[in-house]
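Chain naming follows the written order as A, B and C, and within any one chain the residues start at number 1.
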Amino acid sequence: MTFSAQQIAMMIGGSVEGDAQAAVDSFGKIEEATAGQLAFLANPKYEDYLYSTGASVIIINDKLVLRQPVAASLIRVPDAYNAFAILLTKYQQLQLQQMEGRQEPSYVDETATVGKNVFIGAFAYIGRNVRIEDGVKIYPQVFIGDEVTVGAGTVLHPGVRVYNQCSIGAGCTVHGGTVIGADGFGFAPQADGSYQKVPQIGNVVVEDNVEIGANTTIDRATIGSTIIRTGAKIDNLVQIAHNVEVGANTVIAAQTGISGSTKIGRNVLIGGQAGIVGHIRIGDGARINAQSGVSKSLDNGKSVTGSPAYDYSAALRSQALSRKLPEMDQKIKALEKQLEELRRLSMANGF
Amino acid sequence: MTFSAQQIAMMIGGSVEGDAQAAVDSFGKIEEATAGQLAFLANPKYEDYLYSTGASVIIINDKLVLRQPVAASLIRVPDAYNAFAILLTKYQQLQLQQMEGRQEPSYVDETATVGKNVFIGAFAYIGRNVRIEDGVKIYPQVFIGDEVTVGAGTVLHPGVRVYNQCSIGAGCTVHGGTVIGADGFGFAPQADGSYQKVPQIGNVVVEDNVEIGANTTIDRATIGSTIIRTGAKIDNLVQIAHNVEVGANTVIAAQTGISGSTKIGRNVLIGGQAGIVGHIRIGDGARINAQSGVSKSLDNGKSVTGSPAYDYSAALRSQALSRKLPEMDQKIKALEKQLEELRRLSMANGF
Amino acid sequence: MTFSAQQIAMMIGGSVEGDAQAAVDSFGKIEEATAGQLAFLANPKYEDYLYSTGASVIIINDKLVLRQPVAASLIRVPDAYNAFAILLTKYQQLQLQQMEGRQEPSYVDETATVGKNVFIGAFAYIGRNVRIEDGVKIYPQVFIGDEVTVGAGTVLHPGVRVYNQCSIGAGCTVHGGTVIGADGFGFAPQADGSYQKVPQIGNVVVEDNVEIGANTTIDRATIGSTIIRTGAKIDNLVQIAHNVEVGANTVIAAQTGISGSTKIGRNVLIGGQAGIVGHIRIGDGARINAQSGVSKSLDNGKSVTGSPAYDYSAALRSQALSRKLPEMDQKIKALEKQLEELRRLSMANGF
């Protein structure tokens, strides 16, 4: 799609300086953009690029005073970064809305109900009694098991698998290869050393506006539901075990693992590769540093790091000191020697 | 499917109290269950729910003495939890058995042999000379490469990939997105700094009754076989490198990684996010704590934790003390000061 | 395919001892090989197997002096291991070249251009304006989004997903389930505690001769490109975030995670389960040990370990001493006691 500077200015409420008909059909970083591209300048550090860039249209801050003439058309707005982000979001939504209809071959069970303006890609599978609401976009090769619900406007990228009976809310995005609703990992040890599977008959409930990255796994509950609350953001390759609950607007970075039945509060921030044991509670607003190993419940607002994890500041002090262990060891040895010497002297000297 | 209290009692060898015709068609937790659901009460802590639950049928322990009348029909058995688990397992097996036939479009090479009571989902791919034994359930979008064998009763969930020449035993379950038989990670460094791939021509052998979670990766051997022995249970997002052997009934939690050629014994327990270096041997019955980094072979029955991992109890003591490092550091400084003082005094005092 | 000892000798420039017509159709380890198999003996430690193996043909080193007669046909070469690897590579390339044509059903958009000697497996999806160069092998169930380029001779294994606008170079191998080009993980916090998605409109550029393992995730850039340079080797379940750059011939072991905008140099070696924070620079030839947590930029050639990671040798000393913490703690307590005693004595003795 091609847009003129004038059209873009209307979309983001800006005013044009220069050729209002200058046309762009893609985006670029200001330092790399070429003719026909739209760029933005938010950080004054990059102002020099404004005068050398090949971009045809540039979004800039209202207050920027030009030091020399600019070849490109300019669009002035109060906050160039925000305006650019809003524009991109609108652009992507526009693109998504244009995806519509059903590619063949795809498999849609006759008992499934499909809303308006839905896209179903080739090789997608939609099982019995599934409900797909309006505006859902199902990329090729997605699997949707029996009795699943997918809320309005949700986007499922290629190769997402949603097992039977799970539900995905409205306005969600799930990236490629993510598996929602596989069996929780539960086995009862038997007398002969083997294990008997504990059936996992619960499901996964993903609420609205949740984003889930690629190749992440969220297991179904043993009984009841594993729940991902509204607005949670989960990165790639994250493991969420059975009966876990992730609170609203909680953010979980890549490769983190959360063990069974743990409840994570709202607005928690969890760094990458962190591990959290089962059956604990992480308070609202807690912060868990990357690679932490959390083995105990955390109060609201608590910050931790390390494995095992504890108070962030205290752990940083201990980590710093652990680098001084060789020095501390030397000091102890020196003290022992000096003390021994002193004692010998004292003894010689006195008693 | 709907079952009466009487039918359920027959399946699990229990006796009904109340309406034997009370009907249920799904399961619920006793604290959440509604009319038409089956629940169980095993833990006396939850007994209050027995009198308030909406469940229509409840499985309880033989010995439970009711404190007040119960609206639901009761089924008494020696062990309510076990009976419930057995019932669920039977129910799920029944559901699986009903999956049969071949959905279209699917791809089955004409040289493949397919047993009785097999299900092949839409968009599944079955290559040349594959042998699928009786009762195998292949969900949609599964890939089975050439010359693969899949044993009787095994279930492959959506998007499982089994590369050429690998074999999966009987009674196994493999969850969505798991990749079995991708190339091991072997590259020979060249004089110019680049790497030459070492061909990986072995395979993966998964024995019987193995369960493998979602998005796990098990690489084929360089030569010979990567082997997962009978009854092993492997969670989600686990990495098992080329030529590894995992012993019978060994349990590996999510996101653990095992490097090339390492041999894991029988009945080993490995926590989540653990890492094990290559070319070592983990003894039977060893226990490796979550997030451990195991760099040396372990004797039978050994328990370890930490990164690098060592003896569990000793490591816990050191971990606890590492939190006291600031205190120890202060003590050392105080000792140095006091000793210096004492020495000055001694010198002043004596020699 | 069956080959005679004579044919194999010609392929690898060796000379045959024994029956030049001995035929083999597969490979085996010398200790396990059976009739009809080809094996090799490179490590003198295994020489005994030479006299007991069932292999029909064995590649051995020129200089090996036999201690007793060998039943198999022998092929003598300067370096048996190298010759075997070269043979395997040729064999696998031959097998790949034979894969050709298009299995049905598959989906190839009419605007896509497809080169010569290309294989497209069943249920593969190829979007608008895609360019597939000569000799590319696309296994079943692969997804290739709009405007993607795949370079000559590249192999995409089952279930690989390449999102819109990404490009894969020539001579690459990508294993099953890997997702290239999912959205980077970028969200702007809002006043109400929720998050606004930052659109991710960049792409991923994979250069030539790159190998990527199974179920790995490489996110597209926010703007610009996430770049994997020529010859890089990336293992399974690795996470590479938006705007990361991985240098030429850099090797990354399984389950490692690299956060956004970090630049990794050339010929870096990164062990398994390592984590690297965002916005730093890892110098050429650096070595990062398994399970390290790298939080600061590293100079060229630097070796680090630990979490947080620092100088390899120093960290090893501290790790060793951390095991002696109980002992150090005892020593400090003993010193305190002795010092107190000495002070009391001194005081009694002097002033």
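Rule of thumb we're sticking to: contacts are C-beta pairs under 8 Å (C-beta built on N, C-alpha and C of every residue); 3 or more make two chains touch, one makes a residue touch a chain.
These numbers come from a predicted model, not from an experiment.
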Ask   = How far, in degrees, do you have to turn chain A to put its CA atoms on top of chain B, rounded to the nearest 5?
value = 120
Request  = Tell me whether chain A and chain C, two copies of the same sequence, contact each other through the same residue numbers or different ones, using over half shared as the line for same.
outcome  = different
Inquiry  = Roughly how far is chain A from chain C, centre to centre by C-alpha average, rounded to an integer in Å?
reply    = 25
Ask   = Mind pulling the chain A residues that touch 2 or more other chains?
value = 105, 123, 141, 159, 177, 215, 237, 255, 273, 307, 322, 325, 328, 332, 335, 339, 342, 346, 349-350
Query = Of all residues in chain A, which touch chain C in the complex?
reply = 27-29, 32, 85, 88-89, 91-92, 103, 105, 121-123, 139-141, 157-159, 173, 175-177, 209, 211, 213-215, 231, 233, 235-237, 248-249, 251, 253-255, 266-267, 272-273, 290-291, 307, 319, 322-323, 325-326, 328-329, 332, 335-336, 339, 342-343, 346, 349-351
Contact footprint of chain C on chain B as seen in their complex = 105, 107, 123, 125, 141, 143, 145, 159, 161, 163, 177, 179, 182-183, 185, 187-188, 193-199, 201, 215-217, 219, 223-224, 237, 239, 241, 255, 257, 259, 273, 275, 277, 293, 307-308, 310, 314-315, 317-318, 321-322, 324-325, 328, 331-332, 335, 338-339, 342, 345-346, 349-350
